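Each of the next two complexes has chain A plus one more chain, namely chain B in the first and chain C in the second.
So, the complex of A and B:
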C-alpha cells in the first residue's frame, strides 16, 4: 500500500516537472509569436526567419554554436553554485575576469602553441575562482548574504578589468579600446570553416561531463548537493558545511573563468571587453531551465542560443526588433521560477490520490 | 451535545500538504461558548494544522467552518480576526524595538489627522489591560519584557482586535511555573468575561487544571472529545498515543561494562538566556540502555545536541572514550564510533529531496572504502543500500526514490539504518519512535536492544514514559535541567513514581543521584 501511494505521488511529481518546463516554454513562444504577428507588417516572413533562420544556412547555424559555448559555461558555473543553494551572482564577474586573465597571458607571455592557450585558460580559471570565492568566504565567516556581496563584486571586477585594459594591455595602434593583438599560439582554432565555431566547443562539452561527474559521482559533489538540500542534515552528518560552500563557489568560479577565457581566445583577436559580457546572467536562466543538472545544461544553452540567433536574424530580415527574445526569456523565468505555477492542478491530483488512500484506510 | 451551544464547529476537515502528507483526516472539532477547550495530541498529530486552518493561515481541502451556526470562509488571518478569532503563536509576533502600546495597535493605529496618535494608543492599551486585569506597562519596550509579559501583550493584542475565540498554541512551553500560574489566573478571568479559549498543549496536568473539555487528535484524526473531568491523565495519554497495543519489549538483563560516555558538571544556556542544563553529571557504560526521562523542554534536547556536537558548551566536560569533545568537529565525534538518531528527523535526520541511497551514506560517503580515484564506488554503495533497505524493512520503490515520499515510519527506518549500520559503540537515540506507526516502533525498539546486546552503549531520550521505562536498563530523570532521580534498575518502577519526579514534586537526595557516576 505504501508502494502504491509513493508510486503515484512520484509519478505525479516527475510528470509535473517536465510539464512545467514544457508549458512554460510553450506559453512564452506562443506569446512571442502572437506579438510578432501583431507587430509585423509581414508576420509570416518574420516568423520564418525567427524559427527557421538559424538552420537555413551553415553560417547562421555556426552562430548558434558560437553562442552555445559561453552559454554552456555560464550555465555550468551557476548550476554548481545553485546545487549548494548558494545564489552567487559573481559568475558574471568571474566570466569577465576569466577573459581578462586569458588576455593578460595571451599578450604578456610568449609560449609555444597549445601550451600558451592552456596556460591562458588556466589563469582565466584562477581569476574566476578568486572573485567567486570572496562572497563564499564572507558568507561562511560573517554570514554576509552572498547575493548582495556578489552583485556588488561584479562592478569591482569590471572596473578592475577596465583599469588593466587601459593601463597595462592597451594598444594605441588598435584604433579602439583594445589590447595588443593575440599571437597565433594562444588562439583557439576554428573547427568549422566559414563559421566562428572554435575548439572551445570541445572544452565546453568536456566540462559538461566533468561537472556532471563531479556533482554526481564524487564525494565533493555529494557534499555540495547534500549541503544545498539541507544544511542542518549536512552538519549533523559531519559534513563540513563551510568548506563545502567554499568548494562549490571555487568550482563555479573556475567554470565561469574558463568560459570567459575560452570566449576571448576563441572569438577575438584582442581583449576588448569594457562591459560585463552577460553570460553569467544567462547562466542563471539556463541553470533554472536545466533544473541545475549539468546533464541538461547543453540542451538549455542550445535552446537559448537558437532563440537569440533566430531573433537576431529576424531583426535583420524583417521589421521586428530582436528584443522579442527578452520577452520569451522573461516569461519562461517567471513561469518556471514561480513555484506555484500549475501547483493548484498538481495539488488537486495529490489530494485526490491521498483521499482515495484515506478511504481505503491504507494511509495510517 | 447541544449544537446551539457551539460557538465554533469545524466539520470534516481534511488538509493535504503539497508533498502528499495528510495532516488532517476528516476531523470534526467543536467548541462551546465560554469554555476552555484543550486540543491535545503528539507532535505531528495535526493540532497546529487544524488551528492554522481556523486562523486562515492554511486552507482546508475539504470541510467547512461554522461560527455561531453560520458557515464562514476564513481565507487569511485578517478575516479570522474580523470573525473574532485571535491566535497567540508559540513564537511571538512582536516588534522588539517598539513599545507595548505601539505593538498593541499595530495595523489598527489610531490617527490624529494623518499622524500616529501615540497618546491614544497608550490609553487604548491601558483601558484593555484594566478591563482584563492585566498588569502591563504600555510605555515599556517589548525587547525589555520577560517572556511571560510578551505573552500578555500578545493576548491583549488579540483582545484589542475583538477576539472572542482565543487560540493559545502551547502557551506554557516557554513559561516558568510562576508565570504559568499567573497565565492561568488570567485565562480564568477571560473565561468569566465570556471569552472562549482553545488551549493547545501536551502537558496533561495543566489541562486537568484549567480546561473544561478536550479534543484529542492522533495521526491527523480526532480520536475523542470529552469533558476533562471524566478523563484521567492516563486516559488522555492512552488515547493520545494510541497505546492500546502494549509493546512488551523482550530483553535480557543488561551486562554493563566499561564507561564510554562521561559527563561532569555540564551547564548550558539557551538562546533566551534561560538556564537549560545545570551541573549535570553522569556516566554511561557499554552494554546498557541508559534512559533520560523527563517532560519535554527540561534540557533533554540540549543535552543531546551537546553530546553529538551540534551545540557548543562552555561549562563542564563531556568525554567520549576519555576524549574531551568540546573542540571536536561533528565528523571527529562520529569517528569515535558514535552515532545519533535525532529528535527532529525531518530537519536533521534526512535531506528530503535526496534519494534513500544518498540519505544512507551521509555519514560515510567520504571514507576511503567508498572512493576510488576520486570517484565514488557506485556499485558498492548501491549494494550496501539495497541490503540496508531489506534488513531494516524500508518499504519503498527502490534506493533511487526521494526519501520525502516515504511515510514517517519508513523515513525513521532509513535514519536508524544509517546510524545503526555504522557499528556505533555509543549511540544517542532521541525520541526514536515519535509519530511513527506501531509496526515501525516495534522494529526500532528491537534494533535498539540488539545493538545493546552487541555491546554498544545506548542513550535513550524519550518523552514517551512507557518507552523509556520499558526499554532502559537504568535511567535518570531530568527536571528543569537538573538530574532529580537516578534508577540503576528500572524493574520495579511505577509510572506514578516517575511522574512525581518528572513534575518536580519529588527529588532524590544528592548521594543517591551520585550513584550514576561509575568511574571515579
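So, the complex of A and C:
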C-alpha cells in the first residue's frame, strides 16, 4: 500500500523546480534591495516605490500590462528556438524589423480599418522571419555558429532600419526622427481607458496558446523538442534535423516580428525606433524563467514587466537608476540555468524520501 | 572614388586602423584562449564594458592611470571567476552565462555611473586619466612608417605584445598543451590526469584579463572617459575575428586588423556621399561574410581529411 507521505522522485523533482525558481528570484531581489540601499540616500522611499509603485495607481498598473505585451512575444520567440537548442540571438533584430515592417505598411499603403492592421502585422512577421532564418540557414548549410552570426545580424538590421527611416519614411514635419503619422485604420485600439493597454494583449494571449499547441500538440513541435533534447536521437528516429532547426527559427522570427509590429501599432502613432528595443534579450530571461514552456511565459513576462515598471517609478521618485533591474535579470538567468544550483539539496531530499520508503517497506 | 583610395592609403588612416584594431585584438585573443579550451565566452562584451567603467572610476579615485588599469583588470578577473563558477560548478550553459554578463554590464554600468556621477550618459564629471602614448625611438624617425607605427597608446603595444605572449603560452608551455588537449577532447584530457575544470577556470580568468585591458583601452586610451554602451559590439566582433583567425594568435592578429580596417573605413567614409548607415554596417556585414567563408573552408577541409582516411 502506498503511503501518503512518500513521493516518487519525479514529484520531488518538479516540486524542487518551483523551489529553485523561487530561491533564484529571492536571491536576485535581495541583491537588488542591497544595491538600492547602498545607492540611495533614502533607501526606504526608493524601495517602497520599487516594490509597490506598480499597483498603487491604475495608470501604473496599466504600464505593467503595456509592457507585458512585448515581453510575452519576446519570451515566446526565444522559447521556440531554445526548445530546439538553438541560441539564435536574432530575435532582438527580428523584433526591431517587425516594427519596421509594420511601420512601412502603416504609412505606405491605404487599406480599410482592421485589414490594414492585420496586413501590417503579417508583414512584420515576414520581416522577422527573414532575419531569424539567416542564422538558421547558415548553421544548417555551413555549420556556421548561430550565436555569432545572429549577433552581427542584429546590427545589420538596426542600420538597415535607420536607413529606411531616414530616407523613406521620414516626416520632416514630425519635429523628431520619426515616420509619417499612422492612419487610424492601422492603429490597435486601446481597451482599458486612460491607460495605453491596447488590443495587442489579446493577440499576445492567443499566440501563447497557439505556441503551446504548436510545441506540444503537433508533430512539428514534437520534432523541435526532440531535436533540442538529443540531435542524434532525432536523426536516428527519422526526424529531418536540418529542416526542424530551420522551422523552429522561422517560428521564433515570426513571433518576434509579430511582437515588434504589435508594439509599434499599439503604442506609437509614428515609427521612431532608432535603437534595438531590447525585448529579444528580455525574452531570454522570460523563457528561462518559464522553463521554455509557453504555458508559463505570461507569468514570467508579467514578473519582469512588474519589476521594470517598479524600477521606472522608483527612478522618478528617488535617486536610483532603473537599470538596477538588469542586475536582477542576470542573477536569475545564471541561477536558473545553473543545473547544479541547489542540486545537493535536491539529492538529499530524494535520498531521504527513498530511505523513508525503504524503512516503511521493511516494516510492512 | 579617388578620394576613397587616397583615404585608405594615407598614413592617418593606417594609424587609425591600428588604433581601432587594439580593442578587437585584445578581445579576440580573449576569445581564442577560452575557445582553445572548449569554452565559448560570449560575455567579452560585458567584461569590456564593466572594466571600461572601473578603469575610469579607479583612475579618478587614485589619481593614477596604472592603478586604474589594475582596477579594470581586477574587474576582468572577478567576472571571469564568476563565469567559471556559474558554468563549471553550477553547470549553467556557458552561452547563457555570457548573455547574463552582458545583460548585467549594459544596465549595471549605467546604474553605477548614475550612482557615482549622477549622469547616465558619460563620466565627464570624473577627473579620470588615460594611459600614456608612447613614441617609439628610432622607428618614429622612419618616414611614413614612423607616423603609422609610433605614437600609439601604451595598451596598443601591449595588445600586439599579447599576440606573442598568448602564442608562447599556447605552444611553448605545459599549461598551453593542457589547454589545447582539453579543447580537443576533454574526456581524453581527464583520462591522462588533467584537471579539466581547473584548466577552464584558468582560461576564463586569462580571458577576463585580456578583455578587461581591451575595455580599459576604450575608456582610457581610445577615449578619455566612459560613455554608455561605448564598447558597441566590439566584444561580439572579436568572436567573429576569432572564428576567422583559424584558431592561431597570428591568424587572429590578421583578422582583427581586417575588422579594425573596416571600423576605420566606416569612420572615414562618413565624409563621403554614401548613406552613413551602410558605412556603419560594413564591419558587421563583413563579419557575416567572413564567418561563411570560414565555415565553408572548414567543411571542405574536414571532407578532405575524411577522404584521405
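We adopt the following convention: the second predicted complex is superposed on the first by the 335 of 364 C-alpha atoms of A that agree within 3 Å, B and C clash if a C-alpha of one lies under 4 Å from a C-alpha of the other, contacts with A are read in each partner's own complex, and residues count from 1 in each chain.
By our rule, a contact is a pair of C-beta atoms (placed from the backbone, for glycine too) under 8 Å apart; a residue touches a chain by one contact, two chains touch by 3 or more.
Note that the structure is a prediction, hence the values are computed from the model and not measured.
Touch criterion met: A:324 reaches chain C, while chain B stays clear of it. After overlaying the two complexes on the shared chain, residue contacts for A:159 are found with chain C alone; chain B is out of touch. After overlaying the two complexes on the shared chain, residue contacts for A:118 are found with neither chain B nor chain C. Shared-chain residue A:222: touches chain B; no touch with chain C.
With both structures placed on the common chain, the touch criterion links A:235 to chain B but leaves chain C unconnected.
Of the two partner chains placed by superposition, only chain B is touched by A:351; chain C is not.
Residue contacts after overlaying the shared chain place A:34 against neither chain B nor chain C. Residues 2-3, 5-7, 9-10, 213, 217-219, 222-223, 225-226, 229-230, 232-240, 343, 346-347, 350-351, 353-355, 358, 363-364 of chain A are the ones touching chain B in the complex. Listed in rising order, the residues of chain C touching chain A in the complex are 40, 42, 86, 89-93, 95-97, 99-101, 103-104, 106-108, 110-111, 114-115, 120, 233, 236-237, 239-240, 243, 275, 277-278, 280-281, 284-285, 287-288, 291-292, 294-296, 298-299. Within the complex formed with chain A, the residues of chain B that make contact are 14, 16, 18-20, 22, 25-26, 61-62, 219, 308, 310, 329-331, 333-334, 340, 342, 347-354, 358, 361-363, 365-366, 370-371, 374-376, 378, 395-397, 401-402, 405-407, 410, 437. Chain A meets chain C in the complex at residues 35, 39, 87, 89, 138, 142-145, 147-149, 151-153, 155-156, 159-160, 162-163, 166-167, 281, 284-285, 288, 320-321, 323-327, 329-331, 333-335, 337-341.
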